[in-house]
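What follows is a set of structures for review.
Both complexes below contain chain A, partnered by chain B and then by chain C.
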Partner chain A sequence: MSTPIHVPTMAQMIASGEVPEVLFWVGCSGSFDDRAKKITKAFANILTQANVSFAVLGSEEGCSGDPAKRAGNEFLFQMQAAQNIMVLNGYDVKNIVTGCPHCFNTIKNEYPELGGNYNVIHHTQFINNLIKDGKLDIAKNLLKGRK
Partner chain B sequence: MKLDAELVEMKRCKAKGLCCGAGGAQMFKEAEPGNKEVNVERTEDALAVKPNIIATGCPFCNTMMTDGVKNFNKEEEVEVKDIAELIAEAADLI
Partner chain C sequence: MIPQIIFTLLFLTGAGIFAFKIKQIRRNIFLGKPLEINDNKAKRWKNMAMVAMGQSKMVTRPVAGFFHILIYIGFILINIEVLEIVIDGLTGEHRFFAPYLGGFYNFLIGFFEILAVLVIIACLVFLYRRNISSIKRFKMPEMKGWPKLDGNLILVIEVILMGALLKMNACDQILQLRGADHYTVAGSFPISQFLVPFFDGFETGTLITFERIFWWAHITGILIFLNYVPYSKHFHIMLAFPNTYYSNLKPKGQLNNMAAVKKEVDLMMGGDPFATPEPSLDAGPPERFGVKDVTDLNWKNLLDAYSCTECGRCTDNCPANQTGKLLSPRKVMMDTRDRIEEVGKNLDKAGKPIEDGISLLGNYITEEELWACTTCNACVDACPINIDPLDIIMNMRRYLIMEESKSPDSITSMFNNVENNGAPWAFPAADRGKWIDELN
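Right after this comes the complex of A and B.
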């Protein structure tokens, strides 16, 4: 490891005429929480290792609106969702993998009625698919006998 | 899964699973009335199956379980890790 990995933003990808397979929606925790940043890096390493063409939104990613909606502030949720949907639709995003189940639920189940329709998948499902498709080899270092 | 780890569910799981507490905003606000923090209650469930690692799929659960483990002074024995980290380790990426 410790070879630097390149994580492009959607803006950089589109500017260079590429369309990533999947958008990695990092979420607030994965962006700002020091512990969760390590998880984000681990997942970005996995994506790179598996040769997945991916991008992040970077500073264009806003809060999914989940905390506002759960707290009953539907108005704020709709403002945040509308902003994100505008960005996502602007980049014509089709597939999203999230690093957090809260973003996952909101984008998958609550964005469609506001005009945001995407294939959304949680990072654990995405990793499972990578392993099933043989794109990720984890046989090297088994967690033998631990649980 | 090729990870050769023994996966143990907590006694309360699936439809009977208990929230770590962050879903009820207990990560951000003062505790609701009661005699125990939700994350402490849930960490008791996790520690009852005597794990080496508590695996999470959510950064908020990760925080709550980490705090819970610290509450029982078990941070030397029990690690809280995301599934992405376990896989990245298994693939020699970390």
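Right after this comes the complex of A and C.
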């Protein structure tokens, strides 16, 4: 827990000539809802401690359009998708890890047909991979008996 | 010779009426919009083998699953005996297969008798579950009246048919022992032997009459049942197979992107925003966004509706229903079937499609039901034959929003927020990174 958490935006990264391994797609809940923000912060902390090169979109991130789509507003959904895909493709993003499960489904399953093709994984899968690869040092028995 | 002629006529009439009704239902299903499903055939056959033939999703509820499998196996195997009865009826023979199968025939007949008893037991269990025990999903509002009667009728008819089979065998074996003319010695009767004492006291002539009555009752019963099935929820015994074959292979969470909308968005985002599409002379009236009536649905949605056997697992698993909302996915499927039947009847009467001023959305399904759905897919997941009520619900919402601009206030404000500041809530995009400042 020693490394201070640093969360660069995609714009900052590109400006300094860096390309992050993975984009952390936070989602609206993770950005605005107090409880969900705890998850966002904890995940940013995990990424930092595991030395993952990552960035967020910050103010350039927009609602994936999922709530609009599921309420029947296909037009609004596709407008949101088009805007997000323009931003993501503009930064040439390849890998996305999502904080939000709804964004995960939408970006992974519904964006490809609209021109957005990325490797999308959920943050729980990402953490699991970090542990498996030995990049995240978890004290033995820490998770024992917990669900 | 006369019984053979009567039988042939009866059989042809039964099969003919059935074929006519099937043709009608096929036409009704294709009143739905075209949809091409011919990808991934290997996976589709596998789904059909596992889900429909293998009953893989039935057994997630062990009690219903177990007894359902008894009836399912009983139904399929006893059909072999029905085939013999039909051949006997047409040729005037008695137990036609016996000479060809030898000892195996005795085994088969014995096995069928055991199956028949198991089917009777399963039907009695199901009658108990439907009428006496307090299983909530059988007592919901959409199950009042005809659907309840329908469910009970099927079970009662099955008990009667199986009973006739056993009583027929009981009389038959007595006649075989007495060496009655025409009654060749064949078959083994592990169950019906216990019915022998009830019939043993009768004269041979009377017994022959009894045996014939049960024989005719069995086959006429089957022909009547055959023609009852397409009018009933019980039609799932046939449509479960194509329905699982054509079921959705994509991830459940993935909703389709409407192609018509994509065209509009592409025009706005990419090309010349002021460009108007080339006018086309052969273009008909613009297509409706979403679904208002059954003919806006695609044929797979309508196949789903005809395949539904109203078991209610969808509704039982629906979080909206569990929390007291009006929505019942089962009712959505039943409404869809009732409405397409109505549209089909109008078509038969008038000879051409007519506007009857009635629509699925509005007259059958209310907006309140549609807005209760969380699109969680629990209903789709629970369905033992992969019916998709969510697709119908989603497309009706699309109609409400994109054609009629009708949404509850909370949803309207969500739309406004997404449109104005890129989030479902009224927070400015500039504040998205605020959590970063709160770190460390």
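One rule holds in what follows: the second predicted complex is superposed on the first by the 136 of 147 C-alpha atoms of A that agree within 3 Å, B and C clash if a C-alpha of one lies under 4 Å from a C-alpha of the other, contacts with A are read in each partner's own complex, and residues count from 1 in each chain.
Just so it is clear, a residue touches a chain if its C-beta (ideal position, glycine included) is under 8 Å from a C-beta of that chain, and two chains touch if they have at least 3 such contacts.
All values reported here derive from a predicted model rather than from experimental measurement.
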Point to revise | Partner chain(s) touched by A:Ile138 [first = chain B, second = chain C, both, neither] | key: first
Practice item. Once the structures are superposed on A, label A:Val26 by its partner contacts, choosing first (chain B), second (chain C), both or neither. Key: second
Exercise for review: Mind working out whether A:Ile39 is in touch with chain B, chain C, both or neither, as first, second, both or neither?
Suggested key: first
Review point. Given the touch rule stated above, what does A:Ile127 touch, chain B (first), chain C (second), both, or neither?
Key: first
Exercise for review: Go through the superposed model and pick first if A:Ser16 touches only chain B, second if only chain C, both, or neither.
Suggested key: neither
Practice item. For A:Gln49, select first, second, both or neither according to whether it touches chain B, chain C, the two together, or no partner. Key: first
Review point. Where does A:Ala71 make contact in the superposed view: on chain B (first), on chain C (second), on both, or on neither?
Key: both
Point to revise | Shared chain A contacts, counted only where both chain B and chain C touch the same residue | key: 30, 45, 67, 70-71
Revision key, fill the gap. Given the complex, residues on chain A that touch chain B span 1, 27, 29-30, 33, 35-36, 38-39, 42-43, 45-46, 49, 67, 70-71, 99-102, 122-124, 127-128, 131, 136-147
Practice item. Note which residues of chain B are touching chain A in the complex, please. Key: 1-8, 23, 25, 51-53, 57-60, 62-63, 66, 82-94
Review point. Can you list the residues on chain A that touch chain C in the complex?
Key: 4-5, 7, 9, 26, 28, 30-32, 37, 40-41, 44-45, 56-59, 61-63, 65, 67-76, 78-80, 82-83, 86, 105, 109-110, 113-114
Practice item. Show which residues of chain C lie in contact with chain A when the two form their complex. Key: 250-251, 253-255, 257-258, 261-262, 264-266, 268-269, 289-290, 375, 394, 396-402, 407, 411, 414-415, 418-419, 422-425, 427, 429-436, 438-440
